[in-house]
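There are two complexes below, and they share chain A, which is joined by chain B in the first and by chain C in the second.
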Partner chain A sequence: MELSDSVVKGLQTLADPACFDLKSFSAFTEVAFDSLLSSTGNGVSGHPALKNIDQALLKHCHVAATTFILEAVKQNADKSTISSCLEDVKFDSEKVETFYTSYQINKRNLENLLSSIDRCPPHITDASWRLEYCIKNGHVHKVNQPSYLISFDVENGEREGTSSEVNFSCTLEQLQDLVGKLKDAAKSVERATQL
Partner chain B sequence: MEEVDRILIHSLKQAGTDIDEDVQSVKQFSSELIVEAVVRCLRVIDPGLGSGLSPTLPPGMSARFRLGMSLAQACQDLGYKGEIGYQTFLYSNEPEIRSLLMFLVEKLPRESAEASDQPAGKSVLLQKAIAAQIKAQLALPWLPPSCRLPLHRKTQSPGLCHSFRAQPLSLPYSQKASTKKQAKEVKEYWREHLVPVTSQPSHRASILASLLENHVSELSAAQEWENEWNSQGLLSRLTPEDYRSRKRARLQKRIEEQLRAAAQPRPDTHGTTRSTSDLAELLNSFGGTTTGGDVLTKGTRFTHAEKFTFTQEPEKAAQQMAAAASALPSSHQSEEDLKAQQEAELSGLQQQLQQLSVQMEEVGGDIRQLTVSIHQVSDELKQRELSNSEKEDTVRVKKQTIDLLPDAENNLVKLQSLVEASAKRVVHLAAQWEKHRAPLIDEHRRLKELCSNREMESSRKLSEIKDLHDKIRQSAEEAKKKEGLYKQLITEYETLPKDVSRSAYTMRILEIVSNIKKQKEEITKILSDTKDLQKEINGLTGKLDRTFAVTDELVFKDAKKDESVRKSYKYLAALHENCTQLIQTIEDTGTIMREIRDLEEQIETENGKKTVSNLEKILEDYKAIRQENSALAAKIRDG
Partner chain C sequence: MLLVLSDEHKEHLGFLPKVDPAVVGEFGRIAVEFLKKGSNPKIYEGAARKLNVPSETVQRGVEGLMYLLTESSKLMISEIDFQDSVLVLGFSEELNKLLLQLYLENRKEVRQILSELAPSLPHYRNLEWRFDVQLGSRALRQHVKPAICLKLHLESGGTQTARVLQTDPATLLHLIQELECALAEVKSNHCRRILRNIK
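Right after this comes the complex of A and B.
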């Protein structure tokens, strides 16, 4: 994991036992995770256990810690990566342990948050169809061709899971084409798993 | 054979052939499967050879025949010694196919095994991760939204989505200067008023995006600086701070030049004169103040320009606005009046302008004349002063000579001695100078040499430093790669099935080896037995022959005398003959038995060749070809 100088500096301050003892460190870790997960709350500056630490330093550490957490979650870092990273900035084993336990607790939620940064196409959840038979139209006296009216129920991620419909009509060939393409897509997804 | 078939099928699967799970031996291979397997192997062995062949059997009979022929040709090109033709593929028999597949599998390149030792690239790892993720998602059943737990949110509809929108953050530290150098007010702001970063973005969703973006931009800035420092900064032999300040100064100068060039007043635009003067003013202030100001460390021309455009002082802008406003016609006079007034004003102003310009020219001419005359006069003055000092010198010399005239002879002698003494002194001084000069020159040379040596040394060290830097980077990269490889291998090792233990395999191999040894011993025993038997038989036959010869002679001798003995001799001969016949028959039986066994084996192999079914197939294919031919003929006739 690559970290910028400022993050490294902040983490080194966090590792320094003169600034953060174990108790204030665990309080700080909790606050850092909380501040990422919930927007409410006063953040670092209001916590009683962190009152006697220089506020500017504290805020710097907060930036570093939150950035580190996000990078770790982003890269799906395992325990060895995290502990080697933290040991590089001179964390002792107790602090690493404290950090890792809260990391494990909050990892899933943070992953969800990160994966919500996305543009998701609508998901098809259901389909219904009707057959329409056209006998004649305004131009031709005798058409006699079937066409299909397809309606997809889709779930839209960008608007909080509201479902809407996508309607279209197609001829037999077009429908066959669509079905073939869908099958192809399913097959290529399956092929992608067999790597 | 089962073991061999399993290995074969495994290798073929690795070469990319799609073999069903229930196909366990080569016997079950269909023609399609054989063709596919062979083509896949050919493609792996020699892409140029295999790319022209399709892995699927075409429907047309003649096309199948052609494919079989080309496959056989390709195999022969690879060096397959056995008998091969289109029939090998279309009308397969087990042993032939097995030997062909074994040949092909042996030909498969072995590098694939070695390649797995190389660290897989990041993209491969990512692809694997993606594949695993897709697999996991495919395994999950779909749930309607109402039944969905938060657990499923990640894999099924992801819920609320945001786009990646980052906002600039105000950070409680500075990238450019160390914290101690910051102004007191800034520090106080950080301590007292700065909101924690997670509360800064207006929208909750952009917290993560802003933090990530901030970090990445810091990283990339550091990386860029590192690159530049290694490529150019190190060679300039400056400390990083000096290098930065010098670069900043250079950039400022360039920007200033550019802006000056752009701000040159142009005669065709009336309005710009005012703003250009402002611009020039600003430029001056810009050159003066920015050195201490908040210029970005890695300021590009763009950032400077940006800074320039956005920091324009508000007062000046206000002034400009006021000037523009006053220039607007503020009266409500009628248009004609205005026009007439303007014309009159214009003509008056033009006249004034002309007058002024004429005056200007006159005054300019005067000034020029006057400056020329001033020059002349000052030159003259200098010359006069020079001649004056010369004359003063001559007057002094003459005065002294006049003073010396009364006692001319004495003075002459004195003067001569003086002259001699001074000449001597000059010579003496010159010698002394020479004495001093030589060591000084030597010293100079020595120092110069030292200097150049030092320079060489320093450049050598510089290159060494550069090499070291490169080495450090390389080793760091290598270490990273190795670590990645280690991790990857560990995960691979963990995912590998644990039940197939190595020891079981070795045990089995050892068992097989010992079996083979035992069999070999048995064979040698049987062989020696056979030899012994053969020897015994030979001995017995010899003995028999000899006894018979002796008995025959004895009995024959007696037979001449005695009638009964003659009879017994006859019996003896008959016995001998019968016995030989018996032996002959036994031997014949043995050979026949052997022949029977051979024939049985042959029958078995022939049965293995699926001759009947193949014949039927050939018959069908023959019919198909005939049909195709007739269809083609019909087409030709129609055409």
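Right after this comes the complex of A and C.
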């Protein structure tokens, strides 16, 4: 794993027993993982076990640790890669063990978080429908035709939370065609999972 | 249901008995052409010269026929009602039969043309799909994320659009379930009763 100088310096400080003993390191690791996964939280500065450490140094170490964590998750790093990286910056075996335990516990959630950072076409989340019977309109009387109004709820990936709708009408035959094609897609997904 | 023809309309159609029934047949054909493809004023001048009448008279006659056709097709009036409505004009038996035939042969097509004027939402034309598996991205390497990419073709008032959308397998199954419910609804007793009784 390639790490920048700033990250290496931060990790070296974390390794230093004069700055972080095992207890404060455990607390720090917990806070670091928490800060990535939850949107609320006190952050490094609020934690009682870390009060005695210089705040500026703490911030630098926090940035270094979170960068390292994300890089490890991104590359799907195994135990030997992480251990060798940490040992290179003079982590002792207890601190490596503490870090790796937290890493294993939180890895799945971090992977989900990273996979949601994505550029993709608008994503369909739901569909609603309305069946109507058209009797007449201003130009033609005695129409007497059923028709469907379909609406797909769509979420745009670029701006979180913005959702819009795709609305269209169709006849019975057209809806049967649409459902048939969606079923073909579902069948191909099922076949792929059985390979 | 009878068609009520205004005096002005009757006046315009009053030109028809003065010419040969064959010419009226030709005017009927021109009227249908104009409804399908739009009017062409040059044809009025040509016909007016041949019949030795002002081109305005020919134009009014043809437009009167067009209006008669669109109104009867819009209301979908029966044969008997059409014959009774046309009786008011006091035309000959032969001319009445000609007009009735013109109506019956073309009403379906005229209704289709009229229905294009009605307000409508974009409607479905086609759906293309593609099953993809995302293997990596800038933020996360080495992962497996299945996705179904859809291209929905819609048409709105002559213009065609295509929207590229995406969904995941779980949502795809949910969409299929919802839309199958929609399809089942039209076969329910409630819908069948309404479709049968409102005609």
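The rule is simple: the second predicted complex is superposed on the first by the 119 of 195 C-alpha atoms of A that agree within 3 Å, B and C clash if a C-alpha of one lies under 4 Å from a C-alpha of the other, contacts with A are read in each partner's own complex, and residues count from 1 in each chain.
Going forward, a contact is a pair of C-beta atoms (placed from the backbone, for glycine too) under 8 Å apart; a residue touches a chain by one contact, two chains touch by 3 or more.
Keep in mind that this is a model prediction, so the values were computed, not measured.
Q: Taking the superposition on A as described, I'd like to know which of chain B and chain C A:169 touches: first, second, both or neither.
A: Touch partner of A:169: chain C, not chain B.
Q: So, does A:137 touch the first partner chain B, the second partner chain C, both, or neither?
A: Only chain C is touched by A:137; chain B is not.
Q: In the overlaid three-chain picture, which partner chain does A:179 touch, first (chain B) or second (chain C), both, or neither?
A: Only chain C; A:179 stays clear of chain B.
Q: Kindly classify A:117 by the partners it touches after superposition: chain B alone (first), chain C alone (second), both, or neither?
A: both
Q: Between chain B (first) and chain C (second), which, if any, makes contact with A:125: first, second, both or neither?
A: A:125 sits against chain B and chain C alike.
Q: A:194 in the overlay: touching chain B, chain C, both, or neither? Say first, second, both or neither.
A: So A:194 only meets chain B here.
Q: Touching A:62, do we find chain B (first), chain C (second), both, or neither?
A: first
Q: Name the residues of chain A shared by its contacts with chain B and its contacts with chain C.
A: Touching chain B and chain C on chain A: residues 74, 111, 114-115, 117-120, 123, 125, 189, 192.
Q: So in the complex, the part of chain A that touches chain B is made up of which residues?
A: Those in contact with chain B are residues 2-7, 9-10, 35-36, 39, 43-45, 54-56, 59-60, 62-63, 66-67, 70-71, 74, 80, 111-120, 123, 125, 155, 157-158, 160-161, 163, 189-190, 192-195.
Q: Under the stated contact criterion, what part of chain C meets chain A in this complex?
A: Result: residues 73-76, 111, 114-115, 117-124, 126-129, 131, 134, 137-143, 145-150, 152, 154, 163-169, 171-176, 178-183, 185-186, 191, 194-195, 198-199 of chain C touch chain A.
Q: In the complex formed with chain C, which residues of chain A make contact?
A: For chain A paired with chain C, touching residues are 73-76, 111, 114-115, 117-129, 131, 133, 135, 137-144, 146, 148-150, 152, 154, 166-170, 172, 174-179, 181-186, 188-189, 192.
Q: For the complex, which residues does chain B have touching chain A?
A: By the definition above, chain B touches chain A via 127-128, 130-132, 134-135, 138, 142, 144-145, 153-154, 156-164, 169, 171-173, 175, 179, 187, 190-192, 194-199, 204-205, 207-209, 211-212, 214-215, 218-219, 222, 487.
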